[in-house]
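Heads up, the next two complexes both have subunit A, just with different partners, subunit B and then subunit C.
And now, the complex of A and B:
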């Protein structure tokens, strides 16, 4: 085999015989056939067409692993050194396929099924019934609408994070202490935040915040009674936890900006605002966009604080899609519908994030 | 006994008697102990002697029992097993036991109790310990995927529909019933609870019900809540409204009446609307009160249930609840409100009233009283579709307590089957159960024999407290019109979706109580259709013993 024209240098030019190639192919197809046979037999056994006494799907799993090993081995057998290169990626690809693609496909099957764990009939394919149910489900649309508000709050979070990052980047006293102090909320589990703040500090009778407000003359301070305030409190708790995350990313970006640029701007007569708006902010855009996009992904998964503090109330005002799916799936064992909601949400997120990345890319370009 | 109950009693007794008196009582118990051991056993007294002796392990007020104590009790209570099983009879048998590990109790105790049983019979038990939150998903997934991998299971009666209803359980042999003296169970835990299609499946090891807790300083001559403790839900609402604007005698903060949890609690919050509804909807002549047993048509939107919802809406409208009540789940109403001195009336499981005396945040320890679920001046008859102007009360048997069940996995192997049932019977034995109800175990009293207060007193308990607290449980358990939980598949799904609709209703998103009831009914109909109406009808009827 010649490696001429190959962009990678291959030390050994393999001379692979036809017989060896045939053996390699036989290995792949033979193991694939075995895998298919076992899978079909198991499916037949599972569906009651044959009585083979399989107790679990492990034989198919073992056949899949065997096929994977044969596939990898055959690469080397049939293609020599080139095959070895493939081995750098192939096992990882097979692993990803097994752990992500298969479950996703199974998830799709479940999403289009009527499957309530309490039902004696088990899973039944029900076409697009779950989609129809979703379309008419006011709880889901309410949760989606809430997510829009939660996501929009990121703009404010970003502004605060940027401000804090600028402060921590400036020559201030005890800068290191403040950097660590501001990071502390991020180190807390959202469940801890829910209990410490939502359930304890904001407790309307004994919580310190309520006591303070009472001292200040507020009659009956309550933080989760009205839909608007409850939603705001959830936003605040979530923001308190995650603003440090955006702040630390922006701070890293700020520290990477060469000092000379701002100095040059100052020499050219730029004031602090002009320096920020014309130099720092444009240079920070790539980091900012990354921070915001990651934050949006975090935000879209918002559930723990809501589940712990309000359970989505009052009247669904604080419900997030994830907390709603949690109730549908865990409390009501409604696996089919819950999975469909999760998949639809995933599709919405993928589309929204793709559009956002494209838009951000287009928006950023003229700035350079 | 629930840990909190035990701590409460200990705490209260130390307070009441003082250290010297406590020491004197320990001395007295020791003296009695020496006397009882010195007196030769007679057959007639053997049983009561055994009960008295196990109650001395480790001794009331002598600290929490340890594994050594559990083993000792297990060993002493092996008598009934020895009568039916020869030594080494189960040699080579291996069983898997799935249960909980809450508060290091449940399975932890079972291990200790069953160690001497294993040593005597030769069987070996493998343990699957689950946290409470993991229990339901683990059980449901095992059922749905056909991977039941346990021979014995600790399970609540509400799941009988999911297991017995699907033919996953092994029928209890008659000798087990004799061994555990099933006749001794309190009325509501007798069949149909523990049975399915007329077959028995359960060795009961626990009891559960909601009882009424109230503040004694709110009620009485000249008290702010009125001269007497409210007896009906109509009284409860009237008292709650009358308390608006008054001052709590204990805390000096605004006084409040009954505390309804207005936020869901993973399905468990629905029990609290049930408390109100039971008085209106549970007619003495009709075992059903949630669904129509012939059609599974929900009754949650009938006038009785709507009245219960309306009661809550009325108190919201009147501003009778503490601020933020819309965000209060049952945990909040119990532990953060009632125990902390907010509100004067509450329905809860047994542990809340007693926690009053041990919780650091509790201020109501000396002003708490107990009773059964309030009644109603009128009751709705679903069959005639009309209200009857007669007094009705119906204690809510919310969650039916834990039991030990044996799965079908052992059915094909008679030796294994006998071993599994023998282990279950050992845990549900009459004497061992007295110890479990008297010491921290995670279980409440559930047998008539548990309410022989002399035994408790002889063991060193404070009689007045035991009579007051356990009395309310006993009265609820044995009530002829107890509202029994339907043991149908997916019962918590119904509760969970109802919580969502109620939350919307309480937040003012529906026009009336009727609309809220209708929305819940519509959601319940969907669940019934999804799980399978015919099957649900069959199972609901079976669960009601119809």
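And now, the complex of A and C:
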């Protein structure tokens, strides 16, 4: 590891003896050997070659944790000051790698097998059968199509959030009250929201919204029986919780714009409308794009409200990919097929987000 | 009697009228949106004090068109007349509440610890793990944000099953730490970037080690960022439903799962559902009102570079 270009220069005068280095290496390899030994023993036990009476894979887990600790300690032992620096990043890296990379690899194995957790047969490798099943599963494609609609709704959310942020940034009284009030929906759990709004306020007979609509002359208002309206209601509920999030980010961006720019524009004779489109909006582009990208990431995880309010109905019209896979598992406990769907979804997301980020990058920094 | 010498001209007066109408419009929109934001919460609170006829008649304002009753809270065992009695529902509720608290607080603390260390290291030193340099490492951590929970859920279900960690708090804590870690790193990287390195240099000259400087000099300065990321993590983990629904069944179930399991069997006993929902969201409403500026600071960190 080189230290040139560090923001913080530390002069190190470590002389680490050969013996100390050897001890550090021994620690890492020794604990790795222990981990391998325990893992092999457990695997043998699992496959019935040996009878050791393990009930779970916990011993391997403990050995793995021990190896992680030894790896961190040996960094300091073998490399002194540089090792101490590595120690800032190493624990989190180990944590994320073991919590993401291993399960993902494991997920890839599961995805190509027929594995029903409820049946005693266990895992059976079945090649691309799951892929073929996915190709012919109209509900999965339907869920993907719904996700496109849900994502497009972000444009409207963004417009509303921008408007609210502009108002909050104007010279108003009781700004703190409005800020807190606007922020509150973000604090509520989606599950509580799905009862508070989806199941009681939007209830057909006694809900206040239905009552209001009846007053206004709509007879028999129903919110979750026709596909389009049900989808719209899900969008509205999700927008209600997340508009404050975009609003706060945009507000922070607005407050960072120096006043002089708008004043100069006014002196030059620009009206409020021109000022917004020629000064404020272009300056807000980077913030807007960050806010929208993060919002898209959150939107792609949308599930709680759908699971609790409509559970995908009517006829899969409101299904998101996540809620669909959730029910796929709950109803049929088919781990293999569900994992394949999830991994396909991940691949689609990664490709789409990469393209989107590239496009946003080019758009924000045009080359002349 | 004095006569006014200086008058607003005709043009000034029309400007004033325009300004006033503009004000009214701004406040009108603000008040409408504040109503939209607050009404569902108000509705939940008032419904928890209603009785069946009040719900059916659509009464809204307590003491005006209905008399508040403790019905909903009695079914939770939290009303004044039942608080002293034994109540299985209350036991259940408190157990879930405690689970949620333990899981959310420990996951957030773990994430803030790991995240601060990582963000500090990345903002001060150059690393090279194989082909990965600092920007790649940062991207590796932040890219975890894209990962949808559903991809991890089923592998973890199988993994936890073989590790005997299904339905345990520690299993949930580890997963929740993973989900909020990118957000913490994002906020803290911003925070450490704004602290000048001269501070640590002075501390190092005075004989502190790099970890000593980090723990005693830098962390106290970065405390606002840590509080902000802690609270954001707390909000996200307290409200998490998806993993909790899949990975817990009876022992480690959190509050959102309890609320969700009650919604199915609601019938028209809205008052008890309202009481339960309100009890579930109350802690965060209090946090939101009391610590609003930290939440805003946390979310603004990513927006303005």
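Simple rule for what comes next: the second predicted complex is superposed on the first by the 343 of 368 C-alpha atoms of A that agree within 3 Å, B and C clash if a C-alpha of one lies under 4 Å from a C-alpha of the other, contacts with A are read in each partner's own complex, and residues count from 1 in each chain.
Everything that follows uses one rule, which is that a residue touches a chain if its C-beta (ideal position, glycine included) is under 8 Å from a C-beta of that chain, and two chains touch if they have at least 3 such contacts.
Just so we're clear, the structure is a prediction, and the values are computed from it rather than from any experiment.
Trainee: Applying the document's definition of touch, where does A:316 land relative to subunit B and subunit C: first, second, both, or neither?
Mentor: First partner only.
Trainee: For A:193, select first, second, both or neither according to whether it touches subunit B, subunit C, the two together, or no partner.
Mentor: A:193 contacts subunit C only, not subunit B.
Trainee: Which chain, subunit B or subunit C, ends up touching more residues of subunit A in the combined arrangement?
Mentor: After superposing on chain A, more of subunit A is contacted by C.
Trainee: Quick one: classify A:206 as touching subunit B (first), subunit C (second), both or neither.
Mentor: It touches subunit B and subunit C both.
Trainee: Quick check on the superposed pair: does A:304 touch subunit B, subunit C, both, or neither? Answer first, second, both or neither.
Mentor: second
Trainee: Who does A:31 touch here: subunit B (first), subunit C (second), both, or neither?
Mentor: It touches nothing on subunit B or subunit C.
Trainee: With the two complexes superposed on chain A, say which partner A:331 touches: subunit B (first), subunit C (second), both, or neither.
Mentor: First partner only.
Trainee: Using the superposition on chain A described above, determine whether A:227 touches subunit B (first), subunit C (second), both, or neither.
Mentor: first
Trainee: Overlap the subunit B and subunit C contact sets on subunit A and report the shared residues.
Mentor: 115, 117, 205-206, 335
Trainee: Hey, which residues of subunit C end up touching subunit A in the complex?
Mentor: On the subunit C side, the touching residues are 26-27, 29-30, 33-34, 36-38, 40-41, 43-44, 47, 55-56, 58, 60, 114-115, 117-118, 120-129, 137, 140-141, 144-159, 161-164, 174-175, 177-178, 181, 185, 197, 200-201, 204, 209-211, 214, 235, 238-239, 241-242, 245-246, 255-257, 259-260, 263, 266, 268, 270, 273-274, 277, 280-281, 284-285, 287-289, 292, 295-296, 299-300, 302-305.
Trainee: Taking the touch rule as given, give the residues of subunit B at its contact with subunit A in the complex, in rising order.
Mentor: Listed in rising order, the residues of subunit B that touch subunit A are 137, 140-141, 143-144, 161-162, 165-166, 253, 263-267, 322-327, 329, 336-337, 340, 342, 489-490, 492-493, 496-497, 500, 503-509, 527, 530-532, 535.
Trainee: So in the complex, which bits of subunit A are touching subunit B?
Mentor: 114-122, 139, 203-206, 220-225, 227, 230, 309-317, 327, 330-335
Trainee: Subunit C touches which residues of subunit A in the complex?
Mentor: Residues of subunit A touching subunit C: 1-10, 55-58, 61, 81, 84-89, 91-93, 95-96, 99-100, 103-104, 106-107, 110, 115, 117, 163-164, 167-168, 170, 172, 176-197, 199-201, 205-206, 208, 211, 240, 244-245, 248-253, 256, 286-287, 290-291, 294, 297, 300-301, 303-304, 307-308, 321-322, 325-326, 329, 335, 338-339, 342-343, 345-346, 349-350, 353.
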